C-alpha cells in the first residue's frame, strides 16, 4: 500500500529550432494524489502531456520542477531503487513493449531478480509462473517459454502487466494500455487490471483519450489541455456534467452510439482557439480555480504535509 | 497487425512482426532466409575462408623458387609460377590468409568503433550524442585512403606492421557504420521495451547489450561484412602502392609483385588474375551475404524478392481459376 | 440508457436503401498466394447505393482493407481476386465490369469514378512535392486538355471545400497538420467528383477532436455532392453514428449487413453483439465493467 | 593560350622516357639536384669520354685539345673557337673560368670535388692546376662539368635558382615545357651543325610499367629500363631493339665496419663471403634480369673493359656462376657459425638473418632479392627484403642504418677501375654510423693500405700500367677478401629504342656511347649521331 | 535558412577538424619528418635558415620551443596565408603551386566520372527497383562484382585489354603532350580521350553502389502509401515512377553523396597512379615515396577540402530538392 503525491509537477522540453532555442512546457503545475485501490484517469487530446506525466512519475524523465513523493502505508518515503519497485508502468504498444528477443519468462524474471524478490532459478521460475497465472495466462509453463511475437496483442499486454507487478509494484501507471488492442479484447484487459487493483491494493494512473473507458474504469478524472489540468473531479461528474469548454469538446467528440446519426453537417464545432487553459473546474469544490491559485494551494498542502510527516492529505487543489 | 495506425517510430516498421506469427524462435528472425544469392555468397565466402585457413597447410613453400619463371598452369603447378618460379597457388593460399586476417581484424575493430560511437552515443543522447555524431560525420567526409596514405607516409616502415595498418584502416572506415547504427539505435532506444527495462532498474550497459544490441545484430553484421570488404580492398590498394603492412603476404602484395614482374604485359594471367579475382569474389560473396542481411534489416527488400515468385503464383492460380 | 445532457440531434431519415445501386459487389474472394494461401476475403457481397455511407466494421485482419483494394483493383501481387464480380453502375446508366477492364481503362476509371482515402492517409501524400502539384497531376492525368489556370482554380476550389485555405496550394505536406493532410486527401478524392469514395480508416491516426471535425466534413460533403462512401473502421460506435448501413466482417466474410439502427438495437449475429458489447457507452451504464466499492470510499475521504 | 605547339614532324621527333616518375617541375639548372634531364643536350662539358670503350680518349666538345704537364699538376685545355651560346653570345674562355670558379665557390654543387685552380691563358686556352699530381682528376674536370654562360650565370645562385629558359652551347634548345613532357629542338646554330633528329621530347610516366606500356603502344622511341620479355623484343615489338652494356656492378652492400658502429651479422666478412658463394648467378640472371646481366669479378673491375687490371693474386677471377653452398658452409663454420635446427646458421644465439633494403618500384632488384633469399636459405642464411622509398633508402645507406642494401656501383668518368675504388672503398670518405658519410663509401669500409694505394694511383700517369697494377693488386686483394659490397652480377642498363624510325643507335659493334637516356652526355652523343629513317 | 546555417556550420567544423588532423598526425606518429625534410631540402641546395626550420616545425611538429597551442595558432595562420611550405620532390616549387597544377585534372576526372556513375547507377537502380524480380535484378550481383574488384586491378585489366590489345585508348597521361594545355578544342578533345579509361574505371567500379542504393530505396519507396495513392489516382505508370517513386528514392542517394565521394576519391588515387594521370592522386603518392611531407600534407588538405566543398554543394542542393530539410 503506497501513496503517491504529485505536487505542481512541471516539465519543460528544450527545443532546438536551428540556432534558436525555445522551451515547451509539456506539463504545467499538475498536482494529484494516487491512493491505493483508487484509479485516477488522465484524459486529453494528443500532445496534451499525458505521457509526459507518466514518464515523470516513473522517473524516465526528470521533472523541471515540482515533486513526486511516494510513501509506504506507514508513511516512510520511498527513494532510489525502492522507487522503481514501487512505481511501474504498462505501455501503450504491446508490440513494442516486449523485446522480441527474450522469452515471456525472461521479461518477468528480470525484475524479480533485479529487486531481489526471489533468489535462485527455481524460485524465480515458480514465481514467474505464478505471476502469469495471475494475469490469466495459462498454461503458464507454456506461455513462459514463448516469445512475445507468438502471443496475441491482449496476451502481450497481460505479460506487460505481469512484468509491471513483478517487482511488487504498488503504483501502476497505465499509458493507454488498450488503445492498440482489438476492440473485442480491450475490456478483458481493463477488467483484469481492475481485478488486480482490488487484489493488490494498487494505486493506478490510467491514461487514455477514450472518455468512455475513463469514466467507467476510474474514480477520478483529470482533463488535461496543453499541459494543464482544466477539469477534475469524480469520473461520472466530469463526463456527465462537463464544465470546461475543452471537456465539453472532448465529450462531444467521443462517439456515442446512443446518439445515432449525431454527425451531421450542421453540427457546430466549438471554437478551439477560444479555449482557455488557465482555469480549472474542480468538481470536488464545485468551483473554478485559476492555475496559479491551485499551484499555491498545492504547495501549501505539501508544506503542511511535510510538517505532519506522513499525514494523509486530500488530493491536490 | 494491430488495428491502429499511429505513426510508428522510424524503423519500427521493420520490427513489426509478420502477419501470422509462426512458432519460430526469435533468433530465427536474425537469420537470413536462404536464397540462391545467399547460397552463392556463402559458398564463395566459405570457400575462400577455407582456402585461406587450410590452404597454407596443404601447399608447398610459397617462397621456394624454381629455375624457370612464369610457367603457365599445369597439373603440377595449378596456377603456374611467378617470375621467380614461385608457386602461384601456394602464394595465393598464404596471401588469402593474410588478406582475410587483415579484413577480419579491421572488421572487428571498425565494428567495435562504430558500435561505440553509434550505439553508445545514441543511447546516451544529449550532448554526448551530438558530439559523437559530429565526429562521425566529420570522419565520414574525410576521404579515407588519402588519410591512410598520409599516415602510412609518416609511419616508418619498421613500425608499419599488420596491426598498424589494421588500426589505420579501421580508424578511417568506421564512420559510415556508426551513422547507420546511430539511426537504428535511436529507433530502438525509443521502443517501449527499452523504457520498460530501464524502469525495472536495469543498468545502462545491460540495457544496451541485452535489450538494444540484439536488434542491431543484423545491422552490425551487415556493417561488419562491409568493413571486411572495405578493409580487404583498402589493404590491397595500399599494398599495391607499396604502403602495405611490411612483412605480410596479402593478395595486395601479390598483385604488387605481379605488377612489379610485368605479369600482365607478359601474358602471365595466372599470376595477375587470381589475386584480383579472389578479392573480387570475396567481396562479391560478402556483398551477397550482405544482401540477405539487408533483407532482415529492411523487410521490404525481402518482399520485393518474393514479389516475382508470388506474381507468378498468382498468375498461375488466376489461370487455373479461370478454367 | 441515461440521456446525455447535451441532448441528441434527430437522426436524418434513412434514405439510401430506396435508392439505386452505384456499386454491386458479388461474391468477391481474395486470396493471398503466400506459402500457405490465405483467403482474406471470402465471397463478400454488398450493394452500395448512391449517396449512402456504408460502414464496414470488423476486427483487425478480417479483410476490410483487402476488400476495399479488390474493389478498385489496387491489390498487390501476392493478392489475387479469386472470384466474384464488381460492377459499377455509372450515373450515365452504363455498367462497368471493374474486374474486366484493361490497364489503361482501369487507369481512367480510377479516381474519376471511384476514389480512395487510404488507411494511414497521413502518409498518402508525397512528402517532397507540394500539395498543389499532387492535386494538379491527378487532374492532368484524367483531363489532359484542361489548362493550367482551370486546374489551379479547381484545386483551390476543392481545398476550400474541405476547409483548407487555398493558399496552402503551395505548401508541402510536412507544413500541414495531420488533420489538414487528411482533409487534403479528402479534397483529392473529390477532385474528379467520383460517384464512390472508399475511405479506409481515414481518421484512426488522428486525435479524437480532429477526427470529429473530419467526420463532420465528410458527412457534409456527402450531403452536398451526393457521392457514396464506403467507410472502413474498427470503431463501431463511430460507424453507428455516421453510416446509413453497416456491414460487419468476420474472417473475410460479411456476416451481417443492416441499417445502423437495426444493427445497434437488434443485432442478429453473435459476433456483432460481442463487438457492440465491447464498447462501454459514454453516457450509459458501466456495462461489462466491474468496479465496485471504490467510489464511495473516495467520496468519504475527500469530504 | 598557346594552342598546339608547332605540329612537329613526328617522324623526326624522338620521344624518350627517362624513368622520371610523375610530372616534371620545370628546372634546367644543371647544377640543381632537381635538374630534370636533358642536361647534356642543352649544355656541354669540354670533352666527352666514352666509358664503354677500353681506351678513354676524350672526344672534343667545347675543348679541342688537352694535355698534362710533366709531373701531372697542370692540365692545359684548348677551347673551341666559334661556338656560341643559344642566345647568340659567343662562347669564351671566361665562361670556362667562371664555371670552374663557381664550383670552387659553391661547395654544395661541386659534385666531382674539383679542387684545382683554373686560369685563363688566352681567349682559347685555359689551365687547371693542382698542388700535387692529379692525373685521376683529369677525366672529371674534362668531361663531367658543363660550362655555363657567365653573362647569365653571374646573377644566378647555382644551388637554388630555377632556370626556366636555359642557355647553353649544346645541340638542342628548349622549345616547350609542360608537366607531362618537355621538348627540345635541334639547335640550328650548333657548332657541330644541327643534329638530324629535329626534336626530342622527354615524357613523364609513372614508372617502369607505364614505360613498357608506352613501348607497346609505340608512343615512345627510347627508354632505359626494364621491359618484359626482353629477349624477344624484336618479336614482341618489331620496330624496337634493345641494347645493353654491362657497366654497373650490382652489389649487396653491407654496413660492414663494426668499428664504425655497424651492427648485425653482416659485419662478419665470413658472412659476406658466404653470401657471395650462396648465390646461383645463372638462376638469378634468368629469373630477375632476363639473362641480361653479365659476370662480375670479385675485384669489381669490369671484365669487359677493365679485364687487364684484374689482379693475378685474386682467385677466382670471376664470381662462380652457380651456388656453392659447401664453400659457404665452410666459411661460416670456420667463423664459428653453427647451423640451427631450422637450417639457419646462428652464432651466440643470434640468427644469421639479414635484411636487404631496396627501393619500392625497383622491380628487377625486388625480384633479385626474392631469388637471392631463396638461394641463401639453402645455404643456411636467412634474407628478407625491406622496401622503402628512394629517399628513405638513401638516408639509411648514408647514415649506416641498414644491414644490407642492394644497389649498383658506378664507373668514373673514364674506363678506369680507380674511380670505383676511390668512390666506394676509400676509408677517408666514410663516417661513423649515425652521421652522414661525406662520400659514397656507404659500406664504411676502411683499410689504410687501400687508402695509400689510392693516393699513389692519383700520382701515377695513366701510361704507367705496371706501377698502377701494383696498386690495383693491393686494393683488389682487400676488396675481394673483405667484400664490403658483396658482388652479385654486373648489371646491364638496357635500353629499348625504335629502330624503325631512327638509325645509328650505339649497337655492339659501334659502342660509341653508353646507351642510357638518363646518362646526359652519352644521350647527347647518341642524339647527335642518330638519323631519322623516314625523312618524308 | 536554418538548414543552410547548420550545414555551413558543420562544414566549418569538418574543415577545422581536417586542419587539426593534419596538424596532429605528424605529431602523433613516430619519426622526425622535419629533420628528414630539412636534410632533403639542403641536399637540394636550399639554404636552411632557422626560419625555414621553424616553418616546417609548425607544419610537421618537432618544434620544441613553442608550446603546442602557439604552434597550432601559427600553423593555422600559415595555412590561411596559403603557406604550405616547399615541395622537395618538386623543389623548389611551393606546395600550393604543385597542387594547383594537378588539382584541376583530378577534379574534372572524378567530377565527371562520379556524375556519370551516379546518373547511370541511379537510373538503372530505379528501373531495377521499379520492376523487382525481373531479369534486371541480376544486374545487382553483377555490379557488386564490379564494385568488389580493386580499382587498380580493374584499371590494369582495362589498360591491357582496351589499350594494349585493342589499342583503342591511350594507356597513360592526361592529354596528348604535343598539345599545349589550354581551352582549345583540340586539347579538350585530347583530354577527354585520355581521360576516358580512368573515368571508365571509376564509373565501372562505383556504379554498383549507386545502383544498389537506389534499388533498395526504390523498393522501400514503392511500398509507401503515397505511391499507392498515386497509382490509385490513375496516374500513368511513367509519372508514378518519375514523380513519386524515383523522385523520393533518389534522396538518400544524394544525401549519401559524402560517403560515395570519399570512396571514389580514395579509389581514384590509385587509379591515377596506374594511368600516370597528372592528377593530385599521383602527386600524393610521389610525395609519400619521396618523404615529401609538406606536399603530402598539402595534398591531403586539398583533397579533403575539395571533398568537403563538393559535399557542401550537394548538401545545399539537397536542401532545395527535399523541402523537409528546410523546415527542420
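All chains are identified by letter, namely A, B, C, D and E, in their written order; residue positions are counted from 1 within each chain.
Operating definition for what follows: contacts are C-beta pairs under 8 Å (C-beta built on N, C-alpha and C of every residue); 3 or more make two chains touch, one makes a residue touch a chain.
Remember, it's a predicted structure, so these values are computed and weren't measured experimentally.
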Target chain E, source chain D, minimum contact steps: 1
Farthest chain relative to chain A (centres taken as mean CA coordinates): D
A-C or C-E - the one linked by more C-beta pairs in contact: A-C
Centroid comparison with chain C (C-alpha atoms), farthest chain: D
Chain centre separation in whole Å, for chain D relative to chain A (CA means): 91
Chain A-chain C separation of Cα centroids, rounded to whole Å: 33
Chain centre separation (chain A, chain B; CA means) in Å: 46
Interface hub residues of chain E, defined as touching at least two other chains: 164, 273, 285, 288-289, 291
For chain B, residues that touch 2 or more chains besides their own: 2-4, 6, 156, 242, 259, 265, 307, 311
Two or more partner chains touched - positions in chain D: 213, 216, 360-361, 392
Parts of chain C lying in touch with chain A, wherever the complex brings them together: 1-2, 4-6, 8-9, 11-12, 59-60, 207-213, 215-216, 219-220, 223-224, 234-238, 240-242, 260-261, 264, 274-284, 286-291, 294-295, 297-299, 301-302
Of all residues in chain A, those that touch chain C in their complex: 35, 37-39, 45-47, 182-187, 190-191, 194-195, 209, 211-213, 215-217, 219-220, 234-235, 239-241, 248-265, 267, 269, 272, 284, 312, 314-315
Interfacial residue positions of chain C with respect to chain E in the complex: 72, 74, 107-112, 115-116, 118, 120-121, 123-130, 133, 137-138, 141-142, 172, 174-175, 185, 188
Interface residues, chain E side, partner chain D - complex: 36, 39-40, 43-47, 87, 89-93, 98, 101-102, 159, 163-164, 167, 170-175, 177-184, 186-187, 273-276, 278, 282-283, 285-286, 288-291
Residues of chain B that touch chain D when the two form their complex: 63-65, 67-69, 83-86, 156-157, 242, 246-247, 257, 259-262, 265-266
